[in-house]
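In what follows, a structure is listed as structure tokens, so that the remarks can point back to it.
The letters A, B, C and D name the chains in turn, as written, and every chain counts its residues from 1.
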Amino acid sequence: MSSKYKDLKQECYQANMELNALNLVIYTFGNVSAVDRDHGVFAIKPSGVAYEKLTPQDIVIVDFDNNVIEGSMRPSSDTKTHAYLYKHWKDIGGIAHTHATYSVAWSQAQRDIPIFGTTHADHLVADIPCAAPMQDDLIQGNYEHNTGIQILDCFKEKGLSHQEVQMVLLGNHGPFSWGPTAAKAVYNSKVLEEIARMAYLTLQINPDAPRLKDSLIKKHYMRKHGKDAYYGQE
Amino acid sequence: MSSKYKDLKQECYQANMELNALNLVIYTFGNVSAVDRDHGVFAIKPSGVAYEKLTPQDIVIVDFDNNVIEGSMRPSSDTKTHAYLYKHWKDIGGIAHTHATYSVAWSQAQRDIPIFGTTHADHLVADIPCAAPMQDDLIQGNYEHNTGIQILDCFKEKGLSHQEVQMVLLGNHGPFSWGPTAAKAVYNSKVLEEIARMAYLTLQINPDAPRLKDSLIKKHYMRKHGKDAYYGQE
Amino acid sequence: MSSKYKDLKQECYQANMELNALNLVIYTFGNVSAVDRDHGVFAIKPSGVAYEKLTPQDIVIVDFDNNVIEGSMRPSSDTKTHAYLYKHWKDIGGIAHTHATYSVAWSQAQRDIPIFGTTHADHLVADIPCAAPMQDDLIQGNYEHNTGIQILDCFKEKGLSHQEVQMVLLGNHGPFSWGPTAAKAVYNSKVLEEIARMAYLTLQINPDAPRLKDSLIKKHYMRKHGKDAYYGQE
Amino acid sequence: MSSKYKDLKQECYQANMELNALNLVIYTFGNVSAVDRDHGVFAIKPSGVAYEKLTPQDIVIVDFDNNVIEGSMRPSSDTKTHAYLYKHWKDIGGIAHTHATYSVAWSQAQRDIPIFGTTHADHLVADIPCAAPMQDDLIQGNYEHNTGIQILDCFKEKGLSHQEVQMVLLGNHGPFSWGPTAAKAVYNSKVLEEIARMAYLTLQINPDAPRLKDSLIKKHYMRKHGKDAYYGQE
């Protein structure tokens, strides 16, 4: 039985398996989605299915109002957060959510990750934001939908662009990341975890470690981004 | 030569091997048991046998009074603790004991693991209890039996339910976990180790990290448990 | 199509793959080069190519003035730093650059790694230097070329020999290492990462841990180096 | 060409390879020896040979006065320490030396490892001793021979038995362990590394963590050792 979403499911499946291969998740902790803007839907991991048992056929197709369009399984319990982000950030193509160890530790510590070095600056020029825990009435309400609101509010308050900062920590919870494709969203999850680990160690060695100075922040970002970029083959 | 406990031994064997595959043990540190309530016995790892040499035939069948019912090897030195728990908690199906690194570190630090985030709240809504080290007369007496008493006393004192909190740290020693099956007990050991690691890192980043607020604790637990649960496929 | 640099490319390719096998890099973080002094060129990893896709044919041949001599891909964005070091240190044969976790943490902490033990002293008899972050005008200028200047200035100020100290940390950035061959440069990267990790843990256990005393520093170095060396088979 | 030491070399070779398989060494850091008391010799790893290239034929046979009896390669640079220990501790059968990360960190911190829990007490009932760094005249003299003296002096001063405490840390350097066989010496190296890691984490979580109380120390040791031992199958 064929599906017009076969390729989308395959993309989503591969990105989820990559999350597992990169040691960013154990058991069923985490999920990745991939969007199809033309049809106004996204593909997402089914809820509570272990990676070693996951198949491309298990992937669920959902629209931006959280209706299941195709698939016999229940979609990820975080589906409404994905839907909210796709609806409001019209240029992103994939979203990843993990409970990766160091990213969660910073989330639980409720601290932004300071920009300490060029590994960080190669990817973004701001501290990685940690959104404050949600207010009680929002938690008791439509929780996962409100998680999306929480992320957008955080970006608005801090004056951040979701195109320049493709990752966020949710206080007490863990990281979300996104990008032009599902694969890039997973890449951003891995980079975030590595930056989180480096920043943790940096503070252990020197609690007064200074943030990277502005000139170096700009230089490293411009090597990879903008019109004069000279990193990579494109 | 067939045994009516063949399936039980196989279940126990697989759960023990999973402990090893999940990097929760080195050498012979750790053991898992699986119960057969109908026959009033449980299957447990033989004492001091390395995982790479373990076979399903080596698994020992023991009753709740610690008599060996079947098997030519000596059962785990922790057998009496398992028997005590099975005898008193009549609805559990499996028990796991490890010396996993972060779980042991919290046990040695003699600290409860605070509930810092949703990874923890997805599994239990209390701090993970650390039972106080045993009193001298109990240690000198029937030690492993008394370890069982120590665990039940801890749960009574703290007003905890063994159905809601399926794991405990023994002060100076290490973790025990349980669940409806041996596989679930092992799952709880792995989850405990990961929560222990995250909580350790959280305190290193922010020694004043707050406990998760009550509304979020309840929300995450209810996503997975209770009549309105919407996580997973059941 | 044959190339007179075939062996050089192969040496460079293998050293880059070794960086990956030793877990010193993720994705495209890092690069190794190998020099051919007779032809006045070096082979270096192309920019932004993932290790799993890298082939010996992709390796780029560059001269000491940063001209691409052979290869269809853009060379590593750090090429000018390599060129500068080859030009000024006429006896080195290979250079490695990574973003390995503990090495980066010390770089971000902007601290020299103190010589705490014999693992360190077996390889070098000084603290591992951390070069101060570059001045703003140098960053805005010819950045990677100036990184080379930054390294040489650091060695001059501290009175270090690049033959005796074959590694450096760049403040806010990460490590560079070198040696008589590309393979030895990679070896030095791995040793540096391990020393960085040991020194980090040492300070966590004892913030007042003393530097290794001079007599032991000299003894361990002399076991491996100098005319009376008695370590190894040569 | 056969050798009467073929089995001894094989035992030594396998124990060295096990050191590598257990992630206790990188490159050539570490060595294991196995003794043949009847012939008054021991087999030891050749100096500076990488584990992936090591063969049983490379193993060197040395007597207790450090004469090479068989083998074309130079023996480990630590050979004199092994010889000294074999000469004075007439009942040990194997010795292992590593630069394992956590063991080295405690050595560099120059701290005994406190007995914090039962993982430790299952193996020894004392803190793991850290021998003070050698005095300058001994370092400048017959260094590796004097390392043996340093270990014995440490045990004499602290009133320890090498049969009950089968491991030691050398200040600024790293661990030595021993046992009835080379395999058991390697086992002790692995256990030491794990205890070192757990103790490190324990102190990070609770800097005032108490030592294990005496009654528990004795109980756990007696489970595995002495006439009433009930751990394992013997």
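Things worth noting here:
Note that in this section a residue touches a chain if its C-beta (ideal position, glycine included) is under 8 Å from a C-beta of that chain, and two chains touch if they have at least 3 such contacts.
Keep in mind the model is a prediction, meaning the values are calculated, not measured.
Between chain A and chain D, the least number of touching-chain steps is 2.
Comparing the residue numbers each copy contributes, chain A and chain C share less than half of them at their mutual interface.
Taking the mean of C-alpha positions as each chain's centre, the chain lying farthest from the centre of chain C is B. When the CA atoms of chain C are superposed on chain D, the rotation angle comes to 90 degrees (nearest 5).
Each chain gets a centre from the mean of its Cα atoms; for chain A and chain B, those two points are 33 Å apart.
Multi-chain contact residues of chain D, defined as those touching 2 or more other chains: 204. In terms of inter-chain touching, the protein chains here make up one closed cycle, each touching precisely two others. Each chain pair that touches appears in this list: A-B, A-C, B-D, C-D.
Residues 116-119, 187, 190-191, 194, 197-199, 201-202, 204-206, 209-210, 212-213, 215-216, 219, 223, 230-233 of chain A are the ones that touch chain C when the two sit in their complex. Within the complex formed with chain A, the residues of chain C that make contact are 26-29, 46-49, 73-74, 77, 99, 101-102, 104-111, 133-134, 136, 139-140, 143, 172-174, 200, 203-204.
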